[in-house]
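Below is the structure I would like to discuss, written out as structure tokens.
Should a chain be cited, it is by its letter among A, B, C and D, assigned in written order, with residues numbered from 1 in that chain.
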Amino acid sequence: MAFDVETVRKDFPILSREVHGVPLVYLDSANSAQKPQVVIDAEADLYANHYANVARAVHTLGSEVTNAYEGARDKVAAFLNAPSRDEIIFTRNITEALNLLAYSLSNATTFPGAERFRLVPGDEIVVTEMEHHSNIVPWQLLAQRTGATLRFIPIDASGPNSGRLVESAIDDVINERTKVVSFVYQSNALGTINPVKRIAARAKAVGAISIVDAAQAAPHLPLDVQDLGADFVAFTGHKLYGPTGVGVLWGRYELLAQLPPFLGGGEMIETVDVGGSTFAVPPHRFEAGTPMIAQAVALGTAVDYVTAIGMPEIRQHERSLTAYALDGLLTIDGLRIIGPATAIDRGATISFTLPGIHPHDVAQLLDEQGIAVRAGHHCARPVCVRYGIPATTRASFGVYTTTDEIDALVRGVDTVREIFT
Amino acid sequence: MSESMYQQIILDHYKHPQHRGLPEDFDAEVHHVNPTCGDEVTVRVKLADGAIVDLGWDGEGCSISQASTSVMSGLVIGKPVDDAMALQDTFLTLMQSRGNAELSEADEDELDDAVAFEGVSKYPARIKCALLGWMAMKSAVAEAGWGASAHNGAGKIADSAGEPG
Amino acid sequence: MAFDVETVRKDFPILSREVHGVPLVYLDSANSAQKPQVVIDAEADLYANHYANVARAVHTLGSEVTNAYEGARDKVAAFLNAPSRDEIIFTRNITEALNLLAYSLSNATTFPGAERFRLVPGDEIVVTEMEHHSNIVPWQLLAQRTGATLRFIPIDASGPNSGRLVESAIDDVINERTKVVSFVYQSNALGTINPVKRIAARAKAVGAISIVDAAQAAPHLPLDVQDLGADFVAFTGHKLYGPTGVGVLWGRYELLAQLPPFLGGGEMIETVDVGGSTFAVPPHRFEAGTPMIAQAVALGTAVDYVTAIGMPEIRQHERSLTAYALDGLLTIDGLRIIGPATAIDRGATISFTLPGIHPHDVAQLLDEQGIAVRAGHHCARPVCVRYGIPATTRASFGVYTTTDEIDALVRGVDTVREIFT
Amino acid sequence: MSESMYQQIILDHYKHPQHRGLPEDFDAEVHHVNPTCGDEVTVRVKLADGAIVDLGWDGEGCSISQASTSVMSGLVIGKPVDDAMALQDTFLTLMQSRGNAELSEADEDELDDAVAFEGVSKYPARIKCALLGWMAMKSAVAEAGWGASAHNGAGKIADSAGEPG
């Protein structure tokens, strides 16, 4: 199927909306993506026709819904090229997936048999300076609980390497004291695509667990967890055209099988006794309580949707959009790109600043022209600190974005400049 | 197959279980529990010349788990261990088919009465019931020293083979 | 509006389904409730017309969705009669709500300023023997992390007090060593309604934090957190006719304001620095990452739905169903009710056993007659242990249940007996 | 009101801020930061005879936060502290109205130029911007010793008044 953005746009009901009397130009997909009708229908259909609780019930509806839920796990496993469906854990979002790991690791401190995962003072946890807060704060809290030290791989804020990790620092910061390396595949603030295999290999070489935050990669690139070589890869459903309330953690089975549980409750146990409990095998060990059933099923539909379009086709579409947008934006006087300034090794997310105009004002005035972009530190405040700026304006693209919309953005930013000068 | 999961064969085996009882002369005994519903089964096996020469069991639980164990016993006693393991594998595949099994005629012949459990595969919560005795048999055989590395130990089902989905 | 069950049933699309060629009789609402069309539509409408991420965006869609999400918080606050909307935390389900508290309490061990919440060996955590696993395992894990001891208030398994807490044990098990008391309002396995005010008052008297698992109460009784006198009350959306993937934790503001955070990530921070972070005030402190936006909004719709019918009306409807069902079931030879045998201080959830027939077989054969009930230990295994049984069959009712359906159940159970004799 | 949040009044105050600059003679100074967007403001106040006799500020950030602080300054300087606090309260209510404010004519008169910020209340993420200077003013007055128990201390906004929703 040849990629045709106009055909794609028809799948998304919200794209026919108007805002402030003009057609919506939605350039905030990195924040959250819009939903195709098939995804919306998947949840609705489940509730209207096949709903019950999963796993526990012996009746027909319970079996139908369990098959749908577990079927979604199969779809996600295939999407990630995971060796086994039992390596797919459904979480609320990627934030929970990362916290799950951080808590499971600190539970190792008191969990019999999990000694190899224990963190003690002197151990180091490594993230990068371009992480989303969701990949910083869980590790700060883990460091606080265990006495381990959190370290950051720095980024460059100027020159041709602007917005990229300082390559020479990677092997330095990741060293024999490192126990965990958690890093972003594609930065949500900068658009940068990191050398995942390179970092995962370094983590492996020093015996550290490696975790990839693929929140911004999953919607934009083909993902193959076996090829990446990391131990864990997580993403979040709502950015992948799926519903809110569902995310995914993939992990190597042998690690999942040894990690202590995170949340306790129904479905994650083998047997519960007043004297103590034993726990189910993965993935159920990490899925306590009634899961986000309809959301997981609809995420399966979202995965089907992007797979049918083709992840390589989506990547290609967005790559040309990115080049087009960089060209257009750089025609604007004084506009500074925060992040890589060319379309190489970067995704369809572009942050920028305008001299003397606060990003909030830029975004707000774009909104008044129907254009939705984000302004702020994008939950990646250390990036702003490194660049010495309070915030940026960010435009981000998705499968439904057109060059017309990018033209509208460039015109819109020009209008903002006029209002403020 | 007819509508009810409770085919007459299953009810018959449940009411008149075969090979129930624990033989005195055995190489290994295992006790398996399905923690989600409390079904349990104890299996004793005796191997000789690469075959299962005797197997007896005792258990408690739903008709599916008890009848399935009864059917399993009748099928594997006297079989070469390799054939019994192959049959166990076929049955596992049947149970994981979510009601869409495509069994060859040869498989159907081999499974014999065990084909009656096909309807169970549509009900994720019941699959473990049908598998309980089969998994115990497999563990017992391993426990009795069959196979190189296989030494699962007695105890609860620890693999996920019977998990929903 | 006078309560009319036939009118109510029209709101639930799945109730017109057939199963095994006969009309569905859904008696598994305690496991998960079916969804009225308005709830299904609420999610779909949000995605199709007003969707973006919450809180972060300055654009129109972002503002609409944030107002919808925060509006749902207002609705839930009113539903619970909470003194402040800032006391309402959205979680994935009640399991997460209870784990949130258990982790927040153990984080107090290393969290500066949270000394008063620290648990140490010698401290005791109290639950009851009729808890759902989701209200046992988190506390077992907390005890493992802190060295505190978990204690159980026992239940009677026979006589007129069958299925109820041993009253004389309450003041004994909850004592000056107790730091946390977490207990169920209405038991999902037995149907028992516990004396919540009595237990919360005892907890308060000994200076312990009290937590009420209202998963089975919220759909069936008017809830008033101020009247109950407990410190925390939690429920789960999918049992309240809401979507999967959302639950609620209510807590007293002064406690929430002092408790350490649970999950780290976006939205729960005040500011993030490579050297450390400060945290937002409640409720946002406890809502890390992109929330289950559409699900919270639809839960607000579910709350509107039951409020419009009237919680007292629902309670009254279900009370008569319960009496009717107990009468009917007790006509069956050998049938034993597991739990209170009369309709006093009990909810619309009835567990029973039949001599010589395994609950799984009962439930499966009922399913073949179109009747959906649950069989198992209902994630409350200690109850089964206390009664010396492996499992029960459980029928549970909701706002849409009719006496005809209960007649079908009684006839169905009789048929099962015939097949097995 | 007209469609744009950026009424001319707001742009004027942003381009020509009033009372910007920190007076030498003051009773209290506070520094407030909106951590979500980096907006910041420093406010100095001088009280005498129960009134705000002087107020000056310095800050950085979006036009809404800067213009709102400018408008606030003009309105409260010379006012009895009680009136300034009442006005602060009215403005807070306006900001929390989600675009549905029902202001009395008297309130509108009191708020004067500050009414121009009504459009901001529809945008939860911007409300904090409009409130920044007002919250700082309130803290500074408390810091200067106004009111019995009120001693909030300088520092970041710690109350949730400006949270979304």
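To be clear about the criterion, a contact is a pair of C-beta atoms (placed from the backbone, for glycine too) under 8 Å apart; a residue touches a chain by one contact, two chains touch by 3 or more.
Small disclaimer: the values here were computed from a predicted structure and weren't measured.
Greatest centre-to-centre distance from chain C is found for D, with centres as Cα means. One simple way to say how far apart two chains are is to compare their mean CA positions; for chain A and chain B this gives 43 Å. Centre-to-centre separation of chain A and chain D, using mean CA positions: 37 Å. For the pair chain B and chain D, the distance between mean C-alpha positions equals 75 Å. Those residues of chain C in touch with two or more other chains are numbered 20, 56-58, 62, 269, 271, 360, 364, 375-376. Multi-chain contact residues of chain B (touching two or more other chains) are listed as 36, 123, 125-126.
Every pair of chains in contact is given here: A-B, A-C, A-D, B-C, C-D. Interface residues of chain C facing chain B in the complex, by the touch rule stated above, are 20-21, 358-361, 364-365, 368, 375-377, 384, 390-391, 419-420.
Within the complex formed with chain C, the chain D residues making contact are 33, 35-36, 98, 122-126, 156, 158-160, 163-165. Of all residues in chain A, those touching chain B in their complex are 54-58, 62-63, 66-67, 69-71, 73-74, 85-86, 269-271, 278, 280-282, 284.
Residues 13-14, 17, 19-20, 24, 26, 28, 31-32, 34-35, 37, 39-41, 43-44, 47-53, 56-62, 92-96, 98-99, 102-103, 107, 109-111, 129, 132-134, 136-141, 144-145, 152, 236, 238, 243-246, 261-269, 271-274, 276-277, 288-295, 360, 363-364, 366-367, 371-376, 378-379, 381-382, 385 of chain C are the ones that touch chain A when the two sit in their complex. On chain B, the positions that touch chain C within their shared complex are 3-6, 11, 36-39, 60-64, 123, 125-126, 129.
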